[in-house]
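Per-chain residue numbering starts at 1, and chain names A, B, C, D, E, F, G, H, I and J are given in the order in which the chains are listed.
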């Protein structure tokens, strides 16, 4: 009986041992890169086939493959405010720009939100002579408050 | 003596009264839309000219214009975990996708972060037949851990 | 310059003085009961007409009516866990039944959520010989996780 | 010696392995759907028969069946504010509509609460051409403050 | 416009100035001692007559009397864990004896709670040669979990 | 090496298996009911004889009996604000009535506290035609602030 | 209407203006030094005479003198963990030595506590060739757990 | 591999089994009583000889003796605000008297602190006809703020 | 009656209006740069002369100058974990390097601390062809644990 | 499968057993002292060679060496505010001097931060006749806010 969290740790370890990349895992199962990474870290349920393919590539067992298919209880941070610097910068952006983003969603679309469910996300390294950049695109359906 | 926070509230009120938009404010001072919005909400310092232009457009006084120029103590959320649904979705994305983004930054770039200082942000409404979308682009310089 | 929170306090006070009910307010502006109550407590923006009608009925001024129209920063609890017993029982229901509701949404609909944005809510007193009951109906669109 | 929490994890795992549904479990023990789900997640004590029936269907042992019968220490969230999006929406509803619900209970019934003890709850998928809906009904006895 | 909290502070101050006791206030309005004290501290709504009588005795104005009648948002502690030693001891009793009380309610009554709504409370000084005692009686209706 | 907390869990389990009641345990060791319950849940140290008697009745081993005798580090709640509804109602009473109790202790006795150390507690089911009641009596020595 | 907290701030300010010391205040009212300091900071109620004497020496008005006499809601820290370094060291001592002190109270006295109510405290500067020392004596009645 | 925390638990258990006292342990290793107790609870590192002597007296193994010698990460409370009543009283003293102690350190010594590093502590039972007392002496070097 | 916190805000405002720098303020009063800045932000008490000089330079009144001389209750962050990015980086350094610094202090000096009281701090911009650097030097007396 | 945290504990234990110093470890792998210490405590990833060298010197196995190479999730404190006195002093410095450091970075460099990523840190014992000092140098690249 392997939990999704134990499975996520097993994935991280197996990647270090086998050298398999997230890129390769995403290609193998035929899903977008961020979706695959999040799923293997326990944030999305996989189909039976996807789970089997990923487990095989990572040389992990059937119990881990079963865990990949379980419905997750989502939420991947160890504390309400993340401590790891790479993740913290995302939180800092919410702190510094959150209210501005809210104002602009309301100005451009009206009273509503950007969905985090009907949502896709991309992470890319973009070459730049002044130093390469990380570009993260959040792309969610606009949902108006609707009674 | 007007604080940046009081100035931000004055801006919100003045927008409701005058009908001036963030778009118009950004154009008037010649700065990107999100930067301008964040600045007027107290998250960036403005130059004297920018402050004067914005205050004039919003029909606000010199004391508010002075507040626009002060160096901010940044951080715009009222609690560690934001409560407003439009802002909360951003936090939820950090919860659900934060660890995956971290993995991919490390896989694509190495051991480092996406800067939130050498950083720009865009918010756009994108038409879509299945329902328009909000697309937010986070674009920060990659900073490797470097001793 | 009246904030939405000050407006909400003014509403509560004016109701005590004038004896106007939430029911009457909802009828006057032609909106559902819970929507109207939430809006006057600062959780939804009103149209100019709705705001004027409600303010007039409550004998409140133009500055309060303007506050009714402002875009809210939502969230009406004074602490993360509500302390007032009438509201706490709702939180207790999330504590005791939240995980069960989650399981059933997933079993009946798949991997997704009940929207709290495309959402309506009703509160009714239902006569019952064993003691009248309060029946609260939460009715939100099902949103599947969709990349 | 199996705790109710370990039993709940065993149930989730056994459901994935056996494919038994909450619906089938509720029918087998002859109890309402939400009650059964909550009980098997550790929030209600079961009778000896109910526990035996459920354990048998899930192919779980006597020690788990014993755990089903223990008096629970209720509370199913891992942190005060739930992080999983499906559950968080329920919390968000308390944040946004909690004070309005309180006002309406008081207007319709007087100074009191909706009981969360003498209480039943239903979760249903309701077909809708604009997208199916999840309808959750909270139905609790009105309890007046009574000295 | 006086809030219930401001009214409670006014009561404390007026008692110090006028020397009126909680006992006298309870007698004047014809209500139990603890109920009256809690009500004047903002935890229960008073009838118009009760409010007028109490305000008159304390030499407080009509705005305070109106506040006495408002529906309270209950909760009288300034932090989740009370700091004042006299109140803290009550919290300590919940910490040390709470689980034992829970076990005994379940053993004596079944799966349910002592209501804090259909509830009365008494505080008495009881003479004792080994040092007088404070006896606090919590008396609430037993409410069984009942679907 | 069994901790007091592990011993408490063993007691709960053994009660379920053997059917022994708190009442029987209290009688067997000749101590008040609440004291015995609290002690076996790890909140009071037992004498060697009391521990042996209780362990024998519950069919538990010597290592558990030793744990019963250890000096406790008291405090039986899993979080600062209890989540279980039966225990939460006690916390709610402190929230709603704590300041009133404080006022009355000061009015009746002076500046001091009700001791939670020189203290006894009783829990009783009291028959009542309108529904039986749970009556909890807190009885502590009055301790005046004394320099 | 002056609160005890406002009175405490007034005392600090008046000491700076008048140059009166805590020592002089304690002598004037005939009470121990720490008691007097704590009382004027809002942690103990003063008699009418003591309040009048202290207020006169500090050149403060009758409203402040009245505040000195009010029953305090005790607790003088601005956050659960104190931030000021002089006060923090006391907290650090509880962190580092608290469990050891507990063990020794139990070894020397049995199962009980050092009272913080029947309690006195002294602060003294003690000359020492290796650098003067601050000696703080906590002296409280031993209270055994006693049912 | 035994951690200092595991070693502390082993000490508490061994004391119960062997009946060895803190007093005896302190004498055996030739160190002050409170120092020895704190050290064996994991708050100070011991020399190799001290560790061996203590371990022998408590009939504990070499791995525990090694743990006694490790440099501690200090801090012995399980939560920021201690819950155990014997330890809580120390915290309560900081809450009620902390600001007064700060004022007196500043009045007697100037702007600085009582060191918690160059520091000793004593706990004594002092006979008293009105009930024995616990006297705790905190004795730390005065450290002036010094640039 | 001006508090140290109000004085600090007045300083920030006066600097913006007058254009006086921290450098000029430090030179005028003849104190190190960081000390002066911290003092004017309310973290150190100033002498009467220093306060008068600083107030004059900033064109602030006598009440502010008096506030500069008051003994501070130190602690300049608005929440336990700072939110402003410039300050947060310091906190991040404690998170990432704190345990390593601890290990090295113990290896180089023994069991003790770097004093934050007998302590000085410097902030300097250091030109660097790869981008200028900020160099912050923490320089505190080593204090060994000493009984 | 060894986590970085388990590896860090293994390092601490191995150092105690083998007597190897951080200094020796840093020399052996040819990296700065603080970097090496932080890396072995789990805050930086090591190269395969560095990991092998360190593991060999500490007589630790291949699984620990593998853990040294894993990408860390950084953050080494057990609670948001550190409790260990040696580490707490660093936090105290942020509390007392954080806002002053922020002001001076802005005055000397403009609106930006000291990077904690492009960053090096040194810890040194500096002999001083008045008592040796610990000097910690934080040296990070200045990063201006740059859109």
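One rule holds in what follows: contacts are C-beta pairs under 8 Å (C-beta built on N, C-alpha and C of every residue); 3 or more make two chains touch, one makes a residue touch a chain.
Since we're looking at a predicted model, the values are computed, not measured.
Participant: Just how many steps, at minimum, does a route from chain F to chain I need if it may pass only between touching chains?
Facilitator: When the steps are counted carefully, the minimum from chain F to chain I is 2.
Participant: Which chains, if any, touch chain A and chain J both?
Facilitator: The shared contacts of chain A and chain J, listed by label, come to B, I.
Participant: Looking only at residue numbers at the chain B/chain C interface, is the share used by both copies over half or under half? Answer same or different.
Facilitator: Copies use mostly different positions to touch.
Participant: How many Å are there between the centre of chain D and the centre of chain G, using C-alpha atoms for each centre?
Facilitator: Roughly 50 Å, centre to centre.
Participant: Let me have the rounded angstrom distance from the C-alpha centre of chain G over to the C-alpha centre of chain J, please.
Facilitator: The separation of the two C-alpha centroids amounts to 40 Å.
Participant: Could you put a whole-Å number on the gap between the CA centroids of chain A and chain C?
Facilitator: Chain centroid spacing, chain A to chain C, equals 33 Å.
Participant: In whole angstrom, how far does the Cα centroid of chain A sit from the Cα centroid of chain G?
Facilitator: Taking the average C-alpha coordinate of chain A and of chain G, the gap between them is 53 Å.
Participant: In chain H, what residues contact two or more other chains?
Facilitator: Where chain H meets two or more other chains at a single residue, that happens at 73-75, 77, 80-81, 83-87, 92, 95-96, 99, 102, 106, 112-113, 115-119.
Participant: According to the definition already given, which pairs of chains are in contact?
Facilitator: Touching chain pairs, listed by label, are A-B, A-C, A-D, A-I, A-J, B-C, B-D, B-I, B-J, C-D, C-E, C-F, D-E, D-F, E-F, E-G, E-H, F-G, F-H, G-H, G-I, G-J, H-I, H-J, I-J.
Participant: List the residues on chain A that touch chain C in their complex, please.
Facilitator: Per the stated touch rule, the residues are 32, 35, 44-45, 71, 73, 99, 102, 106, 111-113, 115, 117-120, 143-147.
Participant: Going by the contact rule at the top, pick out the chain E residues touching chain H in the complex.
Facilitator: Residues 81, 83, 85, 88, 92, 95-96 of chain E touch chain H in their complex.
Participant: Report the residues of chain C in contact with chain B in the complex, numbered from low to high.
Facilitator: The contact residues of chain C facing chain B are 1, 3, 66, 69-70, 72-75, 77, 80, 116-117.
Participant: Inside the complex, what are the residues of chain I that reach chain B?
Facilitator: Touch list, chain I to chain B: 9-10, 12-13, 16-17, 78-79, 81, 83-87.
Participant: Once bound in the complex, which stretches of chain B touch chain A?
Facilitator: Listed in rising order, the residues are 21-23, 33-34, 37-38, 41, 43, 74-77, 80-82, 84-87, 89-109, 112-116, 118-119, 121, 123-126, 128, 130-142.
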